[in-house]
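Per-chain residue numbering starts at 1, and chain names A, B, C and D are given in the order in which the chains are listed.
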Amino acid sequence: MILLSAYCAVLLSFASGLLALMMNQRQTLLSISQYTINKLFNGDARCLDWVNKNLEERHFPVFLKQAVFVLLGLSGVFAVIAGLAILLGKGVITDQISLGLPWLPWHVRFDGLSGFFFFIIGIAVCAVSLYGPGYVHSYKENEHPFASLGLFTGLFVAGMLLVLLADDAFMFMIAWELMSVASYFLVAFQHENSANRSASFLYLLMAEIGALAIILGFGVLASFSDGFTFDALRESKLSETWASIAFVLAMLGFGMKAGIVPVHVWLPEAHPVAPSHISALMSGVMLKVALYGLIRFCFDLLGEVHWQWGVVLLILGTVSALGGILYAMMQPNLKRLLAYSSVENIGIIFMVLGLSMIFMANGHPQLAALGFLAALFHAFNHALFKNLLFLGAGIIQHQTHELNIDMMGGLIKGMPQTSKLFLIGCMSISSLPLFNGFVSEWLAFQTALQVDVLDNGVLRSLIPVAAAALALTAALAAACFVKVYGMIFLGQSRSSNAGKAREVKDKGMLAGPALLAGLCFFTGIFPGVIIHLINNVSGQLLGQTMPNDSALGWLWLAPVSAEQASYSPPLVLIGALIAAGVCYWYLRRNPLTVMRRAETWDCGFGGLTPRMQYSCSAFTMPFRRIFAKVWIIDEQISKDMQGAMNQDVAAVHYKLQIQDHSWPRIYQPIAQGVNSLAKQVGRIQTGNIRTYLGYSFATLLILLWVIS
Amino acid sequence: MNWLIAIFQTMLFVLLSPLLAGWIKWCKCYLQNRKAPSLLQPYRDLLKLTHKQPVVSEQASWLFVTAPYIIFSATVLAASVVPLIAVNLPTSASADVIVMVGFFAFARFFLALAGLDIGTAFGGMGSSREMTISSLAEPAMLMAIFTLTMTASTTNLSGAIAHVLNDGMVLRPSFVFALFALILVAIAETGRVPVDNPATHLELTMIHEAMILEYSGRHLALIEWASQLKLMLYGVLITNIFFPWGIAEDFTGKALGYGLLAIMGKLALLAVFLAVAETLVAKMRLFRVQEYLSFAYLLGLLGMLSHIILEASR
Amino acid sequence: MIAAYLVLLIPFVGIVFFAVSGHKSDTGKLNVRFNAACLAATIWLAINVLNQGTILSSGKAFLIDPFNVYLIVLTAFVGLTTSIFSSPYMAHEKELGKLNDKRLRLYYSMYQGFMLAMYLVLTTNNMGVMWVAMEGATLATVMLVSLYRTPESIEAAWKYFILCGVGIAQALFGTILLYYAAAQIGDAENSLMWSVLYENASKLNPEILEIAFVFMLIGYGTKIGLVPLHNWLPDAHSEGPTPMSAVLSGLLLNDALYAVVRNKMLVDGASHSNMAGHLMMGFGMLSFLVAAFFLHRQKDIKRLFSYSSIEHMGIMTFAFGIGGPLATFAALLHMTVHSLTKSAIFVTVGHAAQVAGTQSIDRIRGLIRTQPRIGWGLLIGSIAIAGFPPFGVFTSEFLVLLATMHSYPWLTPLLLLGIGIAFAGLFRHIQPMVYGEKPEGQLPVKANLWPVIIHLGLVLWLGLAIPGFLANWFSQATLLISGSTPL
Amino acid sequence: MNIEQTDFYTQAILSMAALIGLMSFLMLGQGRLLRLIFVFALQGFLLTLTTALAAYSLQNPHLYISAVLTLVLKVIFIPWMLRREVIQMNTHRDIEALHNKTLVMLAGASLMVFSYYVLHPIVQTTSPVMLNALAVSLSVVLLGMLLMISHRQAVAHVVGFMSIENGLFFAAIVATKGMPMVVELGVAFDVLVAAVLFGIFFFHIRTSIDSLDVDLLSKLHEVDK
């Protein structure tokens, strides 16, 4: 039954993709439906009417788009149901599908870990399918055909779900690559922009290399076992060296997808250019699938983990977290910023996973379970709020036709609903208490603070430093999202588009983010619900659950023991409401002190213009000075002079370009190397036939010489 | 009963904080050969502000108006976590020290947003600087706090203080480092000299004041009160963590009374130190703050390392 | 057995018929019918093999076993779909004035000639006849490469002719050595029969066979396009008419590899040094890597894909060289999916070049906007050939990677590098061609894209699930070649 | 085993092998096209003689057919065609300047040694005569390739190509007493078609580049110029 609903989720997403293909087949659809109605319902007039009305030339596109997204939404609902059912039932279901290689049918396994990620994907897909119809409405059919968008969205979701179901290396890779390829087409969807083309190229290239690394990782395991099923791979007995090689390969492969520094570069290129609901899925969910892969590979298939791996994860995670947020801070493009912020969050998750590994390898399974919990919880949270923010960015782009933060401002007035939803997203991602982001970060700190149980002095000093880096990350994230929210929604509009922006008409476009925002708040207040679910996962995977001390009752969150640390979001919420309520009541009781509106104080110079506001780059200027080494900063100020002797400044031009270090340090040398090698290789083909004959001749002689 | 004491303690916190501000001002005036205002002057100011009609810019959105309430209640919540006169109160179980830092972040988040809401250059400048300083201060503060929590093996403030009390007088090198780190952070976070000067409105140096420039009336009162509360909070944190003696461990009237007296005494002393320091030290340039804060971070790190290497080595 | 004769007879009739009747308006369609008839005959043959197992004709002249039966059907199939494509394509070329009736007559006649040679290579049991047929394939196609009579096409054809001629002469020397070795142990009359040789392989002199194999490898390797013997291949593919490129890439290269593998089986039987395998691995890897770099420098769309063919032939040769059951299975599968995919790509490439009026990559732009079917066909074909699932090329590359990891783990970084570089080289050219705004003056052409759809559909099917009978053939062929079945 | 201990047939074959090898050397050093073609025809004639000799002494009648085919194709038809071509192109007076003629000849000589070296392992299974004959034919093949590499004229390439065929043919007859008939016929047919195609190509190349110098056929390349 559970498996059936999981299959339903996959099939429905496929079906939504296929239905989208019918975009140009109105006549066919019409005749098919008329035929079936005549056969099955004996030509029921009402049915016919309904069909005819919806399949009319005029209504058809809208109807079809809605139908496609309804199917996708249903797929999400089924995914949530399946995920919850397996998590609560604590079972493992296996199955086989007769596809794949002749001696290796597709093995399917649905367990707690897959179920949890099913749950995440399901929620995200539900939100996206609420949001989708309104968003895609603005695409022109002849330039951006819905057929390809819908098809690849369906395939993309199906691919992600299949990855979670896979129980053999072959099916896993097929599903994995299906996910990559489908999302590649989605990135390239608006391919008339060169940014889309180069981003999709980079994306697919890195996806390919990552996938190859993963295959080789599986290959290492398969070399020491008989077969490609995960069951067989689990049995493989590896030496420490080979296990570490497998780990490094998996780390590279999954890390590329997840966006770990320095293999993150595709992410800030690809996510911004995709349609927003797709960026939401890519950033919010696809990265989680990569995380799933890493967890499955390291904790499940490799079996025994080594603490050195944990250190690698910890260091890479820290670098990604700090790098991600610092780069995010400097981006003027909203979606690019959000993409970099995903790098940061993935970094945090990797850090905590690394901690979990370290504890696991040092014989503290309980603490490992705690770290695991923090990691998965953060993954869940990130899926919620990043989805929310990307959908919000989509609304903003939809209404203002602008993604440059410096061109916005004051949207809080025109778009009150969106602004509230976006604020919730910003607060969650800045890990403020009462929201879900805080809970996972709190758990991460708690994990890090258990370092005292370790014997290794290096680890004992390394982990607190990582924790402090985590604190810095969180603080920088808060600064970054203050900037985002402040520049976009607050202040005065910096462009006419932003000034004219109004709330979206489509209710669905608000409903999707609202669902996510609600969940952000709900899980922030009642984290126990999700923790309970994750406990089942870690119980299955690590054989250890977190000792959630229930002595204090369900209101409290006490991961290790009540004496060590506890946090009760509901009580905090009540306290906050009381405090705010009291002072609100007290201060507003006097009718004489009703608020008065007046002009903003302009220091007496007269006339505040929007251009006097702090801009995006101005806001981050202190950071730019302090962390100057992190970026490649190209700052140019030029002055137009006029007047006698050219001494009066007429205008000042300021240009700021900020670049990621990884481009000139890693990627450009590689690209140049390949090009120049290709040039060298090209020289063997001279065009002269005598040279070619010489090659054959020489080859022959050399081979003859070699064998005799 | 315990809950009542907890609420009482929080009220006490809120009520006493203007007094601390007044006392610091009094000391400073005395040190600078000026005529000091009354100790109760901050109360009068607050009362006056609540009776005034608030004037709000036309540009302001709902966020600007709501922010003071949010800021104030977040700070109050932070105060409820910190043991003032007694340990082992139930409120401290609902949130630990990390959550407390979270509350500060919450308040700061809205303060910075409010600064940006009007769309003036000052607001943006203040927000930008505030976020910069706080994001540098936060890791330093957590580093110092982690030293403490690792010694006490709890992040529960009340528990940690009780742990220090039970240990008695132990000279821990890590605590020395942590204390200095925390003091440096506290100065930065509460906007005192040499990082910020609460008494100036010179545009180039303003941080906190720049953000709240547009506030008036009850909104300003709330924000002022919140920052006084924050100052006191840090004071209590420093004194009660490192010098917890005197704090009530049971909830009898006598113990509580002694606790109150002890903390008032300790705070008064601390305030004198602060006033002396503020009088002696000049304000720094903004871009030297990161050196100051990284020094604080370094101290925190040293504290942590000395805890790991010297005190808990195996 | 009649089916086998029929398979050879039909194209022979085709040669004569087209040569005699000359070009008429319906010749293209007739060509399709000839090929369809051939496909029917091969399917009949395949059913026979399915029912009876390996067939050896009475005079031992023909041998149909699981290794070649699927290649025969594949040859007929690709031949048919390419002829479907070529009919409107050549008509369009004639409209453009690039060709006249006389040359079309040559084209259709030689098309059948080429098919005959291919069938003969596959069905014959006689290594000598195999050589003759292989040379015949060169001779049949060499005039087709220069069909347009441009200086470039003549140059390409000349290189093709000379290099393949000299190359294939080495193969003849190898065959003579083989015959010489065989003649020492048995009756001279049947000494070149592969089935006889295979039975007696262990008795053959290993030294002679190794030398013979070197000559065979160089000889047939020239036709496979192994680096550094590959130089004719991109020239011939790019300058000939596109249907010819499709069958050259899809069929000729496969059949040359088939010949090498048949010889490798003999050498492996005689000697135990695995010298043949190592040589093939070396050549395969070299071709694969060098071709991957060449992809980056291409300016001509057909040249681009001919290098991609070299790259894939390199992978197959490498996989056959590894020799384990897994790698062999992968190589067999790769032969199938590569020829299906590559011929589909050449169909779209041909149309794309017609749409843009040039083969220059720089001037082919915005195909998806101009003619979506061609654009998507090219893009999805490239995705498939680059080894993305769920297309079948992925399956075989997956298995090759795992087999390499198992047997020669230190070679995997090279494979990884090569695939990555090749992918980048391919897509840096493909993307600008299919994406982007519709350029000025680019008009849709009349195209029949069913071959593409069918081919890619089949490749997709093979990637998702390999049908039972085909899997069975693959397994038996694997057993034959590598000595055990995969897992 | 010395040559005086062998029968007359073997002695004759060995002499033929020596002569055919010599012809290859002569071709390699030849700069004038007409002489090249003449030497080629001479080699074909020697091959015909060898075939006939083999047919006679081995009582193998189908080798007579091979002999006739060789005579017709390689002694008469191909040289005639090439000669006509050379005269038409008016290149019969040209002397192709060979670079490093000495080096090429030395290389040819070392190729001969190399052939012996390569085929040496076979000696255990066979008589030295066979080895010698095979070695000579291998060296003829290799010398043919060297001829093609060192000469620029398309005509010389065709001669080289055909002399490779001669070498193969010689190996087939001497070492294996002739291939099966069907193969021989097939090979002969291929040679015939190839020869015809060469003729056609000469025409096309001449019309396209107005010369038969293959170095001018280098438009298709991968080098950045």
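Criterion: a residue touches a chain if its C-beta (ideal position, glycine included) is under 8 Å from a C-beta of that chain, and two chains touch if they have at least 3 such contacts.
Worth saying up front: this structure is predicted, and the values here are computed from it rather than measured.
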{"item": "Those chains which touch chain B and also touch chain A", "value": "none"}
{"item": "Far-end chain from chain A, centres as C-alpha averages", "value": "D"}
{"item": "Interface with more contacting C-beta pairs, comparing A-C to A-D", "value": "A-C"}
{"item": "Chain nearest the overall Cα centroid", "value": "A"}
{"item": "Centre distance in Å when chain B and chain C are each reduced to the mean of their C-alpha atoms", "value": "78"}
{"item": "Length of the line joining the C-alpha centres of chain A and chain C, rounded to whole Å", "value": "43"}
{"item": "Euclidean distance of C-alpha centroids - chain B vs chain D, Å", "value": "100"}
{"item": "Centre distance in Å when chain A and chain D are each reduced to the mean of their C-alpha atoms", "value": "69"}
{"item": "Chain C residues counted as touching two or more neighbouring chains", "value": "158-159, 162, 166, 170, 211, 234, 294, 297"}
{"item": "Touching two or more other chains - residues of chain D", "value": "118, 121, 145, 148, 157, 214, 217-220, 222"}
{"item": "Set of all touching chain pairs, with the criterion as stated earlier", "value": "A-B, A-C, A-D, C-D"}
{"item": "Interface residues, chain C side, partner chain A - complex", "value": "158-159, 162-163, 166-167, 170, 210-211, 214-215, 217-218, 222, 228-229, 231-232, 234, 275, 279, 290, 293-294, 296-297, 368-369, 372, 383, 386-390, 394-395, 398-399, 401-402, 404-406, 409, 412, 415-416, 419-421, 423-425, 427-428, 431-432, 435-437, 463-466, 468, 471-472, 474-475, 486-487"}
{"item": "Complex contact set, residues of chain D against chain A", "value": "114, 117-118, 120-121, 142, 145-146, 148-150, 152, 157, 214-215, 217-224"}
{"item": "Chain C - residues contacting chain D, complex", "value": "126, 128-129, 131-133, 135-136, 139, 142-143, 146, 149-152, 154-159, 161-162, 165-166, 169-170, 172-173, 176-177, 179-180, 183-184, 188-189, 192, 205, 207-208, 211, 234-235, 238-239, 294, 297"}
{"item": "In the complex, chain A residues that touch chain C", "value": "98-104, 143, 145, 169-170, 173-174, 177-178, 180-181, 188, 191-192, 194, 196-197, 200-201, 204-205, 208-209, 212-213, 215-216, 218-220, 222-223, 226-228, 674-675, 677-679, 681-682, 684-685, 689, 692-693, 695-696, 699-700, 703-704, 707-708"}
{"item": "Chain A residues within the chain D interface of the complex", "value": "679, 682-690, 693-694, 696-697, 700-701, 704-705, 708"}
